[in-house]
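Two complexes follow with chain A in common, the first pairing it with chain B and the second with chain C.
Let's look at the complex of A and B:
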């Protein structure tokens, strides 16, 4: 008799308890962490005096977000005015010089913070994709063939620990020597940054792919043998699906490194992007410089985090073994 | 079609004739009075999209102003301006074509054309400014210098401060085995020669270069050891204690005052009154391939320089506002304004009037004088960057290869013809031979005559003289 209300009373708090615990886990705890961090940060910031003023606290960074955004808006207005002026100037010239072939010129003003975020994102993604195109087939080949693996392994192991920044001067020189054209499609600096990113993505991807391919369950390989699958079909139906988790782990790893390296490369080579923004601000040495740099750091961190999450989602999406893709 | 074509070729022929006449006039030494050039209407620019490089220093102002005031656009030029990491990167950019032109140290085009460092034929049609640099020492060094500096009635030090006051400090450091390190911005920079000039005038040897023995450190026999630091990093390097002093352009001396890490002791105006400083450098190939573009960019820069000095520096506050934008110099308004608006702050609170600290247009600042080029060559010889004796004629030849008043004159005359700038604002082109009269206002009172470089070199007590080889 009393069993019914008993189970009801225990059932309701139980469900609620789970909900509460979940909210605490996913929302309250991270929020608390952030709040504590912000408090510690602002307290510590006030204690640090540099020759450019106090170390920027959260409030200064928040203000800079606003300032950088309004700079972006102002620059867009200037760009609109620029295009208008260009139009009238071209018309005037056409009136005087009918043979003139008019051409729309891109805005010559400065890149704003938002533009630079965009530039960095494009660079890291193109470098990353180029690396995928090279590394995944190479990794599969070395994973499938022990002979090839033994032959290539020493090279990969030698280049893997080299910081791509060490490559940067060589890449810069080679790009400026080989990439010559009157009307280049993309800027040299973009190619340089992109290749640097590719160089650092390459090695973890090759290694992870080849390890993943080499570790495929014998049962699966036997199935392929029994069915007498042709080589390409074998890769498509057996190898790729089985090694996807490892391939994606390699990709995630290398994208994370790539994002870090890109910022450093942009700083060093003065190529457009967030790294250049940070370096320029450091060089400016104005009273806003430190808070602008801190703003950039926060943005770099958030983007890095989002890139990682994005890769994780993608990995979950394409992977058959959902358990292996967690974390 | 046919008619038009015919006209074009005849025009071309006329142009060629005119330019031939122009060079003949040049040879005769009647530099400017080529009425032919005046009559010739300036053509459309051959290249319209340009990229110019600069280093974050206030003397890049003419480029920023020509852009912001629309002078480049008035010439039909679409210019992108880009800050460069250091002088080497900037020079390489111009040489390999990544940049079409750049704000350069006066010594850079000369050294490049001569083949000291990277060899490339760089020319300059436009001198960007006079003065604008200073020498700063760390607070500790300043405290040690102070007792040997004479004081005025109000207790402030008498200016100009000579390096004699630094001499005992340097000796103390050297005796205790610590090298006295100082920073300058580039081996062929104005700053290197100014710092050396100041030190040597105070009997401190800044060291020789010996490129023929592949020693380009510039520290042979040195008492003070000079090394390269990019301008924006000067204050940080001083603060870190890597160097005890530096010579650099603005705002990096005023920055040291604001940060309280150092004291500017002397401006280059006091070392050599109205010394030529930066130039606008392009490759000779560029000027040949795009003559109209070259003249047009020179026109825009001349207008910008004039605007900067107009009405007794009335536009300077507006200029400072532009320069303090993060894409140009980017330092705080107050720091830049300190030197750009006619004052200079030495020790904190000791702000003095130096109306000519930054000169962009007056005193014919924009005209590329051969004698300016030759002064740099004499200093290169003095410190061994030119390892062997050269005849006076060699100095003339080098100067004429690099400094191109002919382009400047064309630009100036078309500005006069367009009634944009008055003829009286320019030197009298009919009589101008490109040599300033013998100049006296040096800190050591040695007179410089650009027509007698070897004589000049022989006057210095410290430095290589005619016939000396290391």
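Let's look at the complex of A and C:
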């Protein structure tokens, strides 16, 4: 370290010194935090005994990452083999009997951890997008019109504090009743989870959009009036850009809640996804179960973090106000 | 000369919880084509209210405003406003800010190339060619105000309304902007109403200075014609006898006849809550 010529008295910023300090801030400190956490975790894990063995420490979780991945690979190979068998069988049958209409069956093996991650991600994104499509226009409308806002606000305030999980039974029943089709494009369970996600995303997004629109500077609105911008152009050129920072605040808030709620909904309703994985492992009760659940928890956390970062990047890309997108 | 703008006996009342508050009482003013008129008065006397009524942003309780034989009932680009705090859209560059106005006003009559040329011409008038593609948060307060003026000029208004356009600028920048404005004015000869609380600015720029009495029920106290020859030179005028007399006249009106009462009255005008998101560091 003596090679680093950085002293407190130097006023000219030393390039190497700055680099070292930045590395310490952005890399070394978080890493140190992680290491301390891992040590505390493994020490604590050693001390907790459950009926399913010891509480999983970092090492057990690390092993499970590998195990879950190889299970996924094996399952994929099985699926490939199944489709190959099916294909050869169909060909043989067609050779004997040219009038035979081949029946293709999908592989019905167990869904792996990676499949469940994928399902959950697709569900949360679809529910979130559906909420954006509904909430942003509605939020803009209530932000622009005091009358509409006064009319709708009590409804929003009433439904906002309701846990979306409370909706789940109703949503399940309604989807079963209304979504009837011979060959459904997507599974009913997917629709149920998606609507639950939408329901929890809706409120924060409407409220934030509406507040953002209502808070637009009077001067900017006057510019629009002097220019006699038509309503649609007014929204497109003034209202939307001005409220983008608040819209994104609402979207980030919603996505965070949505990810938490989705896992719980999947556990409760046994809909495919990471929540079901956790619940299945719990019911399974093998010696590996706890470490597999812990692995799922780590993955859920990392995905939640990445979703938030992703939204932040999107906001940086879309919004003119870089300052509001810095946190 | 034929008056282009006729403000005839307007009253303005704002509703308050304790009954209507009369901000303006019987304000009448005629402005000729090509005339530069300043409105001066103590703060809170209703200068901005007059301007906002002419702009169409407020509706007078009684009386009305006629521009070129047509009654003013809503805002429009033929009465372009230069706002006090520039009011540029922070997500658009200087060019795009002017472009929004030009497209709205000339979208049908001008081709794309003509519009581009017209935008650049107006930005050139205010000496902003070099920073055309910068966004408001990348330029200084004075430059923002220049773009605001360019945007208003680009609408080719029949009358240009300026609400304390240089109020938020430091003294040196303000002097510079005043010189710029005189230069533009000598070329375009616009009809202008400018609100100011700066006596020197009023005398330097105006053909007439309209002095307003204190509110409530503010009205026009005196009108002072300024017959100084143009082009006016700031330094030469400093020792000019006529300039000194005019300046003294305005000062006498403001500080003798319309002395602001010592007790500070809270403003009773209902104001919408403001969110100064666009407030800049430079201002």
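Of note:
The criterion applied here is as follows: the second predicted complex is superposed on the first by the 303 of 327 C-alpha atoms of A that agree within 3 Å, B and C clash if a C-alpha of one lies under 4 Å from a C-alpha of the other, contacts with A are read in each partner's own complex, and residues count from 1 in each chain.
One rule holds for everything that comes next: a residue touches a chain if its C-beta (ideal position, glycine included) is under 8 Å from a C-beta of that chain, and two chains touch if they have at least 3 such contacts.
Because the structure is a prediction, the values reported are computed rather than measured.
After superposition onto chain A, the modelled positions of chain B and chain C are compatible, with room for both. In the superposed pair of complexes, A:188 makes contact with chain B only, with no contact to chain C. In the superposition on chain A, no contact is made by A:26 with either chain B or chain C. Rounded in steps of 10, the angle chain B-chain A-chain C defined by Cα centres in the superposition reads 150°. Applying the stated contact rule after C-alpha superposition, one finds that A:237 touches chain C and leaves chain B untouched. Once the two complexes are laid over each other on the shared chain, residue contacts for A:157 go to neither chain B nor chain C. Counting the residues of chain A touched by each of chain B and chain C gives the higher count for B. When the two structures are aligned on the shared chain, A:270 is found in touch with chain B, with no touch to chain C.
Annotation: superposed on chain A, chain B and chain C show a minimal Cα-Cα gap of 52 Å. Those residues of chain B whose C-beta lies close enough to touch chain A in the complex are 44, 48-49, 56, 67, 70, 73, 76, 78-81, 83-85, 89, 96, 98, 232-233, 235, 239, 255, 259-261, 324-327, 329-332, 335. Contact residues on chain A toward chain B in their complex (touch as defined above): 51-52, 85-86, 89, 93, 97, 100, 105, 108, 110, 176, 188, 270, 279-287, 289, 292.
The residues of chain A lying in touch with chain C in their complex are 215-220, 222-223, 225-229, 233, 237-238, 241-242, 320-321. On the chain C side of its complex with chain A, the touching residues are 55-57, 74-77, 79-81, 83, 85, 87, 89-91, 100-101, 104-105, 135, 155, 272, 274-278.
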